Each structure stands twice: as structure tokens, then as C-alpha cells.
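We call the chains A, B, C, D and E, going by the order they appear; numbering starts again at 1 in every chain.
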Amino acid sequence: MENLVYIALFAPFVSSLFAALFGMTERKIWIGVVASMLLATSLVASITLAYTVYTTGNAIHVTMMDWINAGDLNIPFGFVVDQVSVTMMTVVTLVSTVVHIYAIGYMDHDKSFNRFFSYLSAFVFSMMILVMSDNFAGLFIGWEGVGVCSWLLIGFWYHKPDVSKEENPSVSPSWAANEAFIMNRIADLGMLVGIFVIYWNTGSLQYDEVFAQLPYLSESVLTIAAITLFIGAMGKSAQFPLHTWLTDAMEGPTPVSALIHAATMVTAGVFLVIRANPLFAAVPDVSFFIASLGTFVAFYAASMALVERDLKRIIAYSTLSQLGYMFAAAGLGAYWIALFHLAAHAFFKALLFLGAGNVMHAMHDELDIFKMGDLRKKMKGTWIYMTLASVALAGLPPLAGFWSKDAIIETAFNEHTYFLWIMLVITAGMTAFYSFRQIFLTFHGEDRHTALGFHPHEMYTFVLVAMSPLAVLATITGWFMKEYEAFITKLLPQYEMSEHTHHLASYLGLIVIFFALSGIAIAYLKYARTGDKAWKRDEKIESSFLYKLLKNQYFVPKFYEEFITKPYMMASEVFWTKVDLKIVDATVDNIAKFFYTSGDKTRSMQTGNLSNYLNWMAVGGVMLLVIAAISAMIG
Amino acid sequence: MYEIVAFYLFSALTIGLFLVTVMSKNILYAMTSLAAAMVLISGFFFMLGADFLGVVQLIVYVGAIMALYSFAMMFFDATRDIKEKNTSNALVFLLGGLSALVLVLMFAAPIMSDNLNTANMLINGMSYSEFIDGNISKYAQYALDNGIQASVEGIGNAQSVGVILFTKYLVPFEVAAVMLLVAMIAGIILAGKKMDNSLTKDASIDDEILVVKDEK
Amino acid sequence: MLEPIHVSLESLNLITLAPMLIAIAGGLIILILDLINGKLHKSLYVMMTILILFIDFGAVLGLNVNERGFFDVMLIDGISIISQLMIIGGSMIFIPLALTSKRFHEYSYPEFFALFLFMIAGFQFMVATDNLILIFVGIETASLALYTLIALHNRSNSYEAAVKYFTMGALAAAFFAMGSAVVYALTGSIELYKVAEVMATRLNETGLMIAIFGSSVLLLVAFSFKLSLFPFHTWAPDVYEGASAPLAGYMSVIPKIAAFVVSIRLFGMYIDLGVEWVRIVILVMAVLTMTLANIMALVQNDVKRMLAYSSISHAGFIMAALALDTTEGNTAIFLYYALFMFTNLGAFAMLWISRHKKRRFDKRYDHPYEKFAGLVQIMPMGAVVMGIFMLSLAGVPPFSVFWGKIYVMQAAVNAGYIWLAIVMALNSAIAAYYYLKLVVYMFLKDPVKDVDIVYYNISKPLMVIIGFATVATVAAIFYVQPLVSYLYYMISASGY
Amino acid sequence: MDNILSILVFFPAVAGLLGFVVDKESARAYGITVAAIEFLLSLWLWFSFDMGNAGMQFVELIPLIPDMGISYYLGVDGISLFILIMTTLMTLIGMASMGETKNIKNMIVTLLFLEMTMVGVFVALDAIIFYLFWELSLVPMLYIIGAWGGPLRIYASIKFFLYTFTGSLIMLVGMLFVAYIYHNLTGVWSFAITDWYALVLPVDYQLWLFAAFFVGFAIKVPMFPFHTWIPYAHGQAPTIGSVILAAVLLKMGTYGFVRFSLPMFPDASVMAITPIAVLAIIMVIYTAMIAYAQKDMKQVIAYSSVSHMGIIMLGLFAMNAEGLSGSVFQMLSHGIVSGALFMLVGMIYERRHTKLLSEFGGLAAVMPKFAVIFGVMLMASVGLPLTIGFVGEFLVLLGFYHVSPVITVLAGTSIILGAIYMLRVMKLVFFGPLDNEENKKLKDLNARETWSLIPLVAIVIWLGVYPKPVLQPIDNSVKSLLVFMEGKARTDEAKDMIKTAKTSTSIQEAK
Amino acid sequence: MIGLSHYLIVSAIIFSIGLVGVLRRRNLLMLFFATEVMLNAVNIAFAAISHYYNDLTGQMFAFFIIAIAASEVAVGLGILIVLFKKHGSLDLDDLASMRG
């Protein structure tokens, strides 16, 4: 079994190194193929492990070697394959494999093809470390590793110049990459502090040892640890207020968006909360805060998606929103539901992104859905996939999204947090609306793209075939919810709906479905029709305050720009030119200058005139005599 | 009584003459008054019983030194009035006054004391022998017996001076001879003709060789 | 009538006079040689001088510690022996610098060498006695010879230097004489060991403090002049500039050693007696000297003048050690000078070999910094050697002056004067700037265009001397231990 | 080879002297060979180093000036061993990577002398010998900056020299005072650090002495507000100068704290935690911000050095094994990473003769190898896990958290601010369109440059993934140091604050 | 009765006069006169102290001071002569080529 663990872990690493070897040479398709095969190997290993864990019910624990030993601190490279991590492993490797294969098609014209695969596999490797590690430090390795890979991949098209865009502070891929990295770093600091708190209070960073110690820790320690760890999670999972990077990250290539910014990396935060569930369960206040924040983000992101024109950014907002759902579930204690939604979301969201990638590919990187319309005739396969994924996202049965999302909403109801429940229900409606707004504007309605000179064409067939597993999973995942529950609750706490909720479950489900359907209906009425009733841009709405507010993302990026970035730059400049050069350095120089000028002044006693010298001598002598006389008289 | 008169007279005269020496604009007056004052100083010496010193004062100072000065004065052609720019007279006199004040204060202190006399005797008696234990020199013996006294019954000042100069102070005396030799050599070579041309400045004697830096 | 006095020869302990007599006899021999044959080359005289000094050195080495001679006028104690050794040793390094490839005025006189030997005899008398008369006569013998040696360089600046030195020296002599008179008045003696004893009994007498303070001040003025302490230092830069480079280097070390010995005897006595006031005055002067000389050295344009100020500053350093009045402090004085001597003479010798007869770089200065610009490109070895001297002067380990510096500072710390050690440290830091300035010119700048730097004055003997100084500077770490233990032994043996 | 340390110290010096004879054309090869031999010698030292022994090893003791208590006393422990190896390594690599240099022979000889002084500082166990090498190291550096530097080189080099010199003189007074106390108590003069360790000083003495040593070390580190020499020194120094300066010379300051301040003045050190921590976070935050405002690539890295040194300082005063080991490890990490970054900047400077960020852009396209290595070093610099930079920074922050969570959080902003300025450099230099014509002709790294950087990349990753071979001996020595400090501390606060590791070896061994 | 103090005070006054002379004289020859004045003042002091102590040492000192004064004059005049030959003036205000 250990070998399988290492295979699952290191196959992507090998893939990355292999691609990196050819990183500076010209594009070779077979590198993509090899990388995909290695990823598939990892997938197979993960599935085998999953099966083993499923059948035996025991976690597999391996320790590779020591990493850091200092003082009493002892951090090994240890990996644990249990129900939670194996779920993540399977999801990650599965989506990655699909994305790798997809990328062979998507990136086929890019001259940095090889480099891309190197980065992508490296990302998978980091993600595997993140999910498999048996201690917080290992988690942090993966945590930072995915951050770097994300940085590399967002900024993959580094050569693009900075172009300022209205409403949107992101100026170029490299800018977005940096933003993502730095935002994540802010959160990582929180996470580091969490690790420190844990270490100094438990003496270890191993999950099992830490969790075993939890009962002995004081409330305040637990609270601080939970809050700081959650800050880490907020960054990676782009929760408010650290969310702006995620939409900007859409500057990266679409497979990256699918893999990193939808399916895997952004869910790391959720994973952390699930992983550290004993800790979070011990501090209900923090958990409730997490749930509230999650709900808020779900709504907040969905609201911004309502008016977005950029295909990928809409999906990004929806990702944000769904992450909010996951946090809501995790915060309410329904960890396994959160994990289940995480997996389901990974499948349909990756599918959605890959579909968007197809559209982009077809539209020559044009992303404005206002410039599309009626693409379904030319891109049938993509249309089907995206519609399927959107239905799943909107939460309509029998697709995956319905089961998981419904369970979350039900949980909110069950916990008597009705406000959260209402918000989540409304958000579900909004989700359906914006998903289908996007589908309709892209694939239905009037043909707007031909006039603009686009001649879209369908993606390669093998790409479409490669996407099929995701489509299948997006459809069927929900059907296995009960079995999964049985599997996962061996590790995670069981979440039981109360009798009351159970009773109302079907009604609750119906309410959600109703909201979703009405969202779709509105979207259809507004965007899907052709002819006279075809959708037109409405100046009035677009100039309304609410629209502008949403369009500008509640002015949060603007706020950051004006109140953090610019002041920081100004402060840096002031510190350098005013404080460091004018005060600190000048002080030192002035001390030196003082000596020099006083040297010049003292030098003037050296007039060269003997008479002055004699005067000096006499002055010195007589003064000494006078001092002698005075001091003799005094003392 | 006449001692008091003589003292005040000499004092007033010497001070006056020295004042002329330092204040006069005419170098001749300055020198003459200096010589006169020195003569008067020898008067002090005679009054104090230092006959030999008085004679030396007259011979060396008034005779030799003043003669040297007058030759020098002739050489420098300095008989006319000297123009001096005295920029900070106030400072000068302040310093002079202060130093006079402090020195007077110092000397007005009870320097002589009974204490001292006994101490002095004690020293003369005792400590010569202490340093070189067991090797008491003859002179020490002598001093032990007689003390180095200025006036001893039946011995003139010149005699005592002679004794002390050629016993105890023989080394300084000989060193003074060397010093005079040095002064003589110095005077001769400095005033000599050879100093008129300077080898130090004259490059023509051995041309400065310029090593021209290699052009690379 | 006086009985004839019989004095046995042994009781005179004539051996104590031997070293000085050798020097004086040597001077006379040179004068006689000149009389017999006036056309002898200077190299003969140089070698003669070295030989005489060699014998002199041997004679000093043969002396026993703590002897008195000649009616107790001569005092051969530890410090007189080590100071004589240093004086003679320093002179032996100095005198071969006469063997330049170019002719300079002073060396054309055989009298130069005779005067030089008389001067050394003067210094030796000065340090080998505690009789104020002999000290005075010794000082004057040496000084008069030194004035002449300066003037013999024979150009306008050297006369000026000689006049300034002479005039101020005369004033200092008057102060010394007056100080001695006060001491004599106070104690009835002019022999320091007696003075100390009598003064100790009189310290408590009312109204006498003013005379005690006054006597110390008058003597202090005289020796501060010799040691070039602020504000009596004003002659030093001008005299060093006017004198020839080797003589300036010589003056910055040897006469000061002699003056320090007398100062130790004099002011050590006062401090020992418990006249704390003297210590305070000396400390204040020492601190002012090192600081002001340092900051004035900062702004100099001429290397020689800079070195002049630097040696004033070093003198301040050492004067502070004197004020400590501990055995270590006194050892520090000699150790410092012993180590400083090589470096400083070496540095001045480097200036000497670069001396032109005409000022090629500057109207006024012989050795402006520009002259040394880019020296490393023209004469790498010369630049390195000069650089080592500069670093040594700045107190960079392991070069010689560093060891002196830490010994002085350690002595200050041990005596409880930590503030003094810190002042010394800060002064060393200031001083580093101007030494570094020359290093920067030599190593980091390009040569001034159109002016050829030439090692005009170099000759084999000079190279040997500089080589010797360099080795002594660099390898100081190896001989500091014997030196320290010897000096410490000698000084503690003589009770200081 | 019991006298391996002497050989290590004097081999480069002797080689430097002999180097004067070597022909100009072959000087570089000579230098590299000598540096390589020296490096191998230091590796040999490592291999024959007894990992289990926390005390001094390879001790050599020759009384030099017994009357002053000065002896030639060398030895290494886990702390100095790796700094020493890093010194020889960085000298070797710096020399190997050196581009076209005028007066190459002088440079090589100077570097060899510099190497002697640097090695000397890290192996000296006698305060005066330490001071000797410490001061002597200024001279070659002065020459390197002054002779091969930029337009302001003379100002920069003098500033460097005088600043450090002033500080170290104050330190010298401190040393002399310690020797004096030692003499008072024992009647023996000694400057041997190990002898001094035995001194238990009153707290007020400790404070004063700590302050005296602090001035010397803080300027070298350089701590705010004594840091202003470093932008000039780096800005003007040639590449090799910056590499050595950042990699080794700065470490002398922090090493001094470990070797002198902590064990000799445990109580004062504990009292100084807060002030030093405040200075350290100012260093971390303030200089990181300044680094962000820089227009010159090299200045960014120069200021980033100061910022990272702040982290090291913080770790030194964490008073627990985690922080202290982390700090020492961070010294190595910073040495290698900043050295490499300076080398990289130097390489680009050689090509374009400018370091201004505005001149560049899009270089990743024309210089991919360069970009990759720069990226690796950048990531190590911002402390990415599995690179060398993380281990130290993590341990330091972890360790200091035990002392003060608030300060740790503030210092922890270095991982954010570091990312901000480093990524800015990355973006401005490597990303964006390649629109400057001159940049289009740039050539990627040649074989020499690549091969001199690859070992560093390898070390960065090796020690990031498996730091144990290095961390273990460091940790051993650090633990015994802490045990020693706790045993020696007089005040209760100090005893409370110094946290010895549970796994520490006994006090016996510490002595 | 004339005591020691009287003599010493006269000596002090003359010494100060000499000092004033040294300070205010700009002509080197006249300046030398002033130094002679100072030395003479000291001589008076020594002779007087010697007398009152009934001890010859003071006279010896005075004797040597006279010798020293004589040598100083010789050397001083020698230097003045070369200086005068060079500068044609004895005014020390003209002697300031070295300064700073």
C-alpha cells in the first residue's frame, strides 16, 4: 500500500520534472501525453487507495523521512490516506487528469506548451501533498506549493502587457498572479500563526497528536487557533475580504481556471476546516462565524455574477459562491456534506470551465458574452456539457449539485439558522439565474458574434471525449450520497438532520427547486429569446446605482487600490526618500559632516602666525594657572 | 635698612627697565634697557649673597649675550623704529596681568615653613643613602656632615659654588658644555656661507630624473 | 678653609654616564674626522653614526636597573633604560634615511651627524636623571640641536619651522624654569625623589595648594609643549611640515619618548602624592588633544601635515595613559611608542622617498593627497606598504599600533576609566577616516594625469629601512609579548 | 589534521600571497582552484565533525601574548561550522561566477585575503583574534567596493568602513572590560571566549557590556537605524562584493550575537528582547517597504537583506532552541539566497550595464534559464516551503511566537511584504512585453554562469527538503547554549524566558 | 625686613612682563629679549630661594639657566640670520606660509 501512496503522490511530481526538462524547448505534444498518463497513474493509484480505504475502513499512514527537527519541534514528511484525504486525492487526480488531457488540445498552439504541463503537474503534486500530509507543516508545504503553482499558472502568459481595464483593476496576467500570491500570503500568515499556536500548546503538529490534546486546551487557545487557521483558509478559498484575487485569476489559461480556481486549490480552505474539524467543532462561535461568512460570500458573489459580462469571471463568481456554501456547511458542523459538495462542485465546475475554455478557444479568447450568442449550432458538444454543468450548478435534480446543495440548505434550516437558510435559498435562485443567463447569452438568442467577425468552431473531439468523465460524474455523483455518507462518516462526524427537518426535507427541496427554476425562467425570458424580443443592452439599467455597484464588485477592488495599494506605495516612497535618506542616513552623514566642518573651524586656530601660537600657549598656560588658583582656593 | 632701600630701588628700576624692553618701539632702547636691567639683577644676586652668580650674570649676560645681540642688531640693520601691529593688546595685558596675579598669589603663600626646614634637614641627612643602600658615597658623607649650604662660616660663596659645581653638578656642568658646543656649531653653520645655496631646493645640481610612466 | 674632598671613583658609578659619553664622543669624532678630511661622503658619517649608536645601545643594555651615579644625579632605573633603548633604536632607523639617492642640504654637513649625536646624548641625559637641572640642560641640548637640524634642511619652510619651534621652545623653557623654581621654593630641593618626600609632608598645609597646583601647571605647560598637547600643540603641524620628512617622523616619536619619561617622573609624582587635580587636568588635555587634532587632521590636504596632526592625536592618546598613573598605563606609553615608532617612521620614510625638490603637485605642499592618487597602479609594492602603515596607524589589527592601542585602552579600563576608553575608541574611528583617505587615494583613484609620479628619492638603504618598518609593523603580533613583558618588568622594577 | 582550522584560515592567505606571482591570464583559474581546495577542506571539516558533540571541536590553542591574555585560539561548533562552509562555498561560487573584471589578479588576491579574514572570524575563540579578523575583513572589502564599484564607490566604501569600524571599536572597549573583570575575578588575563563564558556578571554590568557589543554587531548586521551604509555598499559594490557582503559579512554580526552576547550576558539578553524585537520588526517592515519603492534591482535585494536580517535577529532573541536554530539556519539560507540573487543581478548588469527596473521587462522570453533560477531564488527568498528560505524563517517565527505573539505577527508580515517587493521585481523584469530593443538581443546565461548557479539552486532545494544534516548539529549546539544560558542566568525573568529544549544534552557538555 | 616673598613677587612680576613681551612682540629679535626677561625673573627667584634656604642648589640652577640662555641666544640668532637672509625681515607676521 505504501508504494501506492508514493505512486499517487509522486507521479505528478515525475510528470512535472519530466515536462520541466523540456521546459525551454519547443512544443512537443507527446509531453502532454506522457504527463497525462502519469496523472492517470496517480488517479489509478488514488482510486485503488480509495477502494482499499473503503473496504478496510482503515487509514494508511506512512512517514517518509524527517523534515525539520529543531528544539522540541519534530516535523516529518508523513502522509495519511484516510477517508477525507482519499476523497480529495481522487477528486484532485481525476479532475487533473481530465484537465491535462484537455490542455493538450487547448494549449496546442502555445509555444510554452511544455512549460505549461510542468507547472500543471507541479500543481497537482503540491495539491497532493496538501491533502495527504499528516501534519500541519506538511499541509502548509502543499498550501504554499499550490500558491506558487497558481502564481505561475495565472501568470502563464507573462508576456501580455499591462492594459488598464475599466471596472477591473487587473491589468495583466502577471499582475493577477502577483495579486493572488500576495493575497494568499496574507492569509498564510494567519495560518502560520495558527500553526504556532498549535505547536506551543500541544507540542506537536501531527494531526492525531494535536486533536488528542484538544480537550486539554483552554477556550481562548482553541479560539485563536481556529480563527487563525480559518484566516488561512479564507485566503486560499477566496472568502471575503480576500476574494478579489480569484476573479482576477481568470487571466490564466482556462484549464488552470478549471483545475485550480474551481475544482481543487480554492477548496483547500474547506478541506482545512474539514481536516481540522475537531478543532472547529470545539469552538462553536467561530464555526458559526464561518457559516455566516460562507453564507454571506455565497450571496455576495452570486450578486456580482448577475451582471458580469465575462464568461470566465461569471464562473469564477459562481465558484466563490459555491465555496461559500461549503463553508456554510462546514461551519454548521456538516463537514461531510461540505466535503461532498466540494467533490460534486469540483466535477461540474471543472466541466463548466472547460466548456468555457472551448468557447474561448472557438472565439479566439473573446470572453464577453455580450459578443456571443447562438453558439449552440456550431458547438453542440460544448453546449451540452455546459448546460449539463449549469443545471448541476443551479441545483436541479437529479444532477450532482442538487443533492449536495440541497443538503447544505437543509442543514442551515436544521440548525435553526433561518436567516442563513433564507439567504442560501435566495442565492440558489440567483445561481440558477446567472448560470443560465450565461448559457443563454452564449449559446442561445441572437447571433451577435458573426457581425464582429468571429467564426467559432468546435473543439477537438478527443477533448470533448476527455471531458465526458466530468460530465458523467457531474450527473451521477449525487446518486451515491448515502453510500458516501457511510464511507466518510467513519472519520468525519455524522451529521443527523433533526426529526423536524427530516419531516420537512422534501418541502425544503421543493422550495430550492422552485427558486432555481424561477431563476432559469427569468433568464430565459430575458436572454434566450430571438427576434423582436431578443435581449438588448439597457442603458437605464446599466447606469443604475445597483448595477454599477455590482459591476464594480461593490467597489472592493477599488477600495483596496485606493486605500491599501496606493497608500502602501506612497508610504514606501516616503519611507525611502524622506525617512531613510533624509533622516536616518542624513543623521549619519551629518555626524560625519559635523566632524568635518568642526575640523575646518578648529583648523582656523592654526593661523600660521607665530604670535597667535604664542598667544595660544600663553592662554593655555595662564588659563591653567587661573584654574589652578581657583580650584586651590575652593578646595 | 639699606637693604630695604636697595631692594625697592632695584625692584622699581628693573621692573621699569624691563617694561621699557618689552614696550619700546626702538630696538636700541629695548636692548639697552635690557642690559641695564640685567646689571641691576646682578645687584639682587649680590644682595642675596650669591656673589659668584652675580659676577656670572654680569659677564655672561651683560657681556656676552648683549654683545651677541648688538652684533645681531647690526646685522639685521634694526636700529630704526620697529613697526609692530599689536592686534590684541587687551588680551596680552589681560594674560600678563592674570599670570602676574596667580604667580604672586602662589609666591605669597607661606612657602617657607618650620616644617620645611626640618624636613629639609631630614632629607639632607637621611635619604641620600636610602636609594643606594649600603653604598654611601663620599659626597653623601660630606653632605651628611655639612649640608649643601650657601654660606658656611669661613667659606666664601665662590668656594662653595666651586665645590658643589665640581662635585654634585659636574655632570650638568659638562652637559652644559656640550650644549654650548652644540650652540656654537649651530650658530656657525647656520650663519655660514654654505647655507646661502640650498641643495634641498636646487634641482639643477642633480636633475630630477623623471621616470616617465610607460605608455601602455 | 675647606678640606680637600676625596671621592672614590667607584662611588661615582661612572658606568651610568657611559652611554651618553659614547654619544658625545661619537659627535666629537665626527667633527674631528671632518677637520682632518672635509671631503668625506655622507655615507661614512651615516655608518659612523650607526656604529656609535650601536655601541651606545650596547652600553645602555649593560646598565643595571635602579642605580644612581655621580652624586645621585644620574638615575638609571627601568624607564630610563627602556627609553634610552627606544631613543637609540629609533635613531638608528632614522639616520640611514640620509642615504637618499638625491642630495639634500642637511646631509652635506658632517656637523649634522655630530649634532644628531649630541641631541641623542641630550635625550639620554634627560631620561637618565631626576634632577631638574640636568633634565633642563638635557632638554635644551637636545632641543637646540633639533632646531638646528630642522633649519639645516635649508629652505624657507624649514627656517620658518625652526623659528616657530625655537620661539615656542624658549617660552616653554621659561615656564619649565619657573615651574622648577616653584618646586624648589616649595621643597627646597630639585631632585624629584626628595621633592616627592617633602611635598608629601606639606600637602596638608593651608594655602599651599595653590603653589602645588601652580608648580604642576607651569611644568605641565612646558611638557605639554614638548608633547604637543592642546593648546600647546600649535607648533607641531608647521614644524613637521617645514622639517624634512624623516626628521618630522623622528620628531613625532623620539623627543616625545624622552619628554614622556620626564612627564612620568614629574606628573606621576604629583598623582602619586594624591594631587588628583593634576590627573584631571592631564586627562582633559589629553582628550582635547586627541579629539581636536583628529578633527583637524580630517581636513588636511597634505599627507605630511595630516600625519603631523595624527601624531599629535596619538600623543594625546598616550598622555591619557600617563594620567592613569598605573604600571600598565606607563607600560602602555612605551609599548605604544615602540610600536608606533616603526609605523610612523615608515610612513614618513615613504613620504621621504617620494619627495621632489620642487613641488610638482601643489604650490604649497610637498605631499598633497593627489600625489598618491592611483599609486597602486604605478608602484604596487609602495602602495601596499604605505597602505599597511596607514591601516596600522588607524589601529586595524594585526598591525603594530593596534596592539599599542588595545594596551592603552585596556590600561584605561583597568584603571576604571571606561569613558576614556570609549573616547579613545571614538577617536580612533574618526582618525580612521583620514588614514583611509590616503588609502582611498592610493588604491581607488586614478593617477592624476600629466603628472608623473616618481620615486625620486629612493635608494637601497631606504628600501631596507622601509622593509624593516613594514616587517615590524606586520609582524607585531609576534614580538608584542616579549616587548610587553620586558617593558612591564622594567617599569614595575623602577616603581612606576 | 588537528590543525585543520589553522590550515583553513591561512591557506587562502598564503595562496593570496603566492597569487601575486601568478600570471594575469591564469589568475582566475588560480583563484577558483584555491577556493575549491578551501571549500573541500571545509567539507572535510564537516565530515570529520562529531555531530553528537555540542561543544567546540578541532580546538587549537597557542598562547600569543600571555601578558595580555591573548592567545591564538580556534575552534568550531555546530553554529560556526556551517557558516564557515557557507563562507568557503560562496567565495568559490562568487569567484567562479565572476564576469569580465578589470585587474582580475588584484581581485582574486583580495578575495583570497577576504576569505581568510571571514573564515578567521568564524573560527576564532579568542576575542582579540576574533576582533582582529573582524577588522581585517573590512580592508579587502573596502578595496573591492572602492576599486571595482560604481560611480559613488568611494563614498560607499568609506561609509562602509568607517561605520563598521566605529561600531567595532566600541565593541572592543566592551571586550577589554570583560577581560578586566575576568582578571579581577581570577587574577589571570584571558580573552578566550570560553573562559569568559564562565563569568557570571552582575546584571547592570551585563547591560552595559551588552550595549557595547550590541553597537559593534548591530552595525554589521545591520540593524535599523544603523543600516544606511548597506544600500550604498551594495549599490556600488561589484557583484562579487555584494555576494560576499550579503552572504558572509552580514552574518558576522549575527554570529557575534550568538557567540558573545547570548552566552555571556544571558540576563541582559533577556532584557533586551523587547527593544531588539522592536528594532527587528522595524527592520522587517520598514525596509521591506523601502525595498518596494526602489527603482534599482540591486537596491531591492540590498534592502531585502536588511529585512531578512531582521528575522534572523528576532530568532536570536527567541531564547528557545526553535528560534535560535532557525535563526542560525536562516543565516545560511540568507547567505546562499541573497548571494545568488546578487549574482543574478550582476549577470544582468554585465549584459545591460544598468540595474534600473524600468529598463527591463519581459526578460523571461529571452532569458528563460535566468528567469527560472531567479524565480527559484525569489521563492526561496520569500520563504516558500521546500526551499531553504522557509525552514529558517518558519523556525524563527515559531520560536519567537513563544516570546511574543504580537511581535511575531508583525514580523510575520515579512512573508507578505517580501512577496510584494520580490514579485514586483519579477513582474517588472521578467514579465510583460519585451519592448525594449536592447533587451531583445540579450543572451541567456552561458555555461559558466549556469554552472556556478546550479550548485546554489541544488542547495536551496536540498536544504529546503532535507535540512537535517545541517540543522541537527546546529540544533545540538544551540540546545547546549540554551542550557548553559539558563544555568548562568541570574534573574528569575531570564530563567523563565530562556526555554531549554526537553531533548537538551546536559550542562556538562555545554561547557 | 625684606623676606623671600618680596623677591618672589618681584620675580613674578618680571616674569609676567616677559610674558607680555613674548606675546606682544612681532619682531623676533625683540621677542628674544622678552624670553631673556622671563629667564632672568626665574633667576631672581632661584637666587632668593637659595638664599633663604641657605642652600646652593638654587644658585646652581640659576647658573645653568644663564648658560642655557646663552646657548639659546646663539642658536636663535643663527636661525634668525638664515631667516633674515631668506626673508629680509624679522617680523613674524610675515612668517605664515604654513597654516591650517
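Here are a few things to note about the model shown:
One rule holds in what follows: a contact is a pair of C-beta atoms (placed from the backbone, for glycine too) under 8 Å apart; a residue touches a chain by one contact, two chains touch by 3 or more.
This structure is a prediction, so every number in the text was calculated from the model and none was measured.
Shared contact partners of chain C and chain D, listed by label: A.
Distance from chain C peaks, on a Cα-centroid basis, for A.
With C-E and B-E as the two chain pairs, more C-beta contacts join B-E. Innermost chain of the displayed assembly, by C-alpha centre distance to the whole-protein C-alpha centre, is D. Measuring from the averaged C-alpha position of chain B to that of chain C gives a distance of 25 Å.
Here the spacing of chain D and chain E, counted between their Cα centres, is 65 Å. Chain A and chain D have Cα centroids lying 36 Å from one another. Distance between chain centres (mean CA atoms), chain A to chain B: 99 Å.
Residue positions of chain C touching 2 or more other chains, listed in rising order: 133, 137, 140, 144, 147-148, 151, 154, 163-164, 167, 171, 178, 185, 188-189, 210, 214, 237-238, 299, 433. Multi-chain contact residues of chain E, defined as those touching 2 or more other chains: 4, 8, 11, 15, 18-19, 22-23, 25-26, 32, 45, 53, 55, 57, 60, 64, 67-68, 71-72, 75, 78-80, 82, 92-93, 95, 97-100.
Within chain B, residues 91-92, 95, 99, 102-103, 105-107, 111, 120, 168-169, 172, 176, 179, 182-183, 186, 189-190, 195 each touch two or more of the remaining chains.
Here, these are the chain pairs in contact: A-B, A-C, A-D, A-E, B-C, B-E, C-D, C-E.
Contact residues of chain A toward chain C in the complex are 592, 595-596, 598-600, 602-603, 605-606, 608, 610, 612-614, 616-621, 624-625, 627-629, 631-633, 635. Contact residues of chain B toward chain C in the complex are 102-103, 105-107, 109-111, 113, 115-116, 119-120, 123, 127-128, 131-132, 135, 137-140, 142, 154-155, 159, 163, 167-172, 175-176, 178-179, 181-183, 185-186, 189-190, 194-195, 198-203, 205-206, 208-213. Those residues of chain C that touch chain D in the shared complex are 376, 391, 394-398, 402-403, 406-407, 409-410, 413-414, 418, 421-422, 424-426, 428-429, 432-433, 436-437, 439-440, 443-445, 477, 480-481, 484-485, 488.
Interface of chain A with chain D (complex): residues 23-24, 65-73, 137, 140-141, 144-145, 148, 151, 155, 158-162, 172, 174-175, 178, 181-182, 185-186, 188-189, 192-193, 195-197, 199-200, 568-569, 571-573, 575-577, 579-580, 584-585, 587-588, 592.
Residues of chain C touching chain A in their complex: 163-164, 167-168, 171-172, 175, 209-210, 212-214, 216-218, 220-221, 224-225, 230-232, 234-235, 237-238, 277, 281, 292, 295-299, 430, 433.
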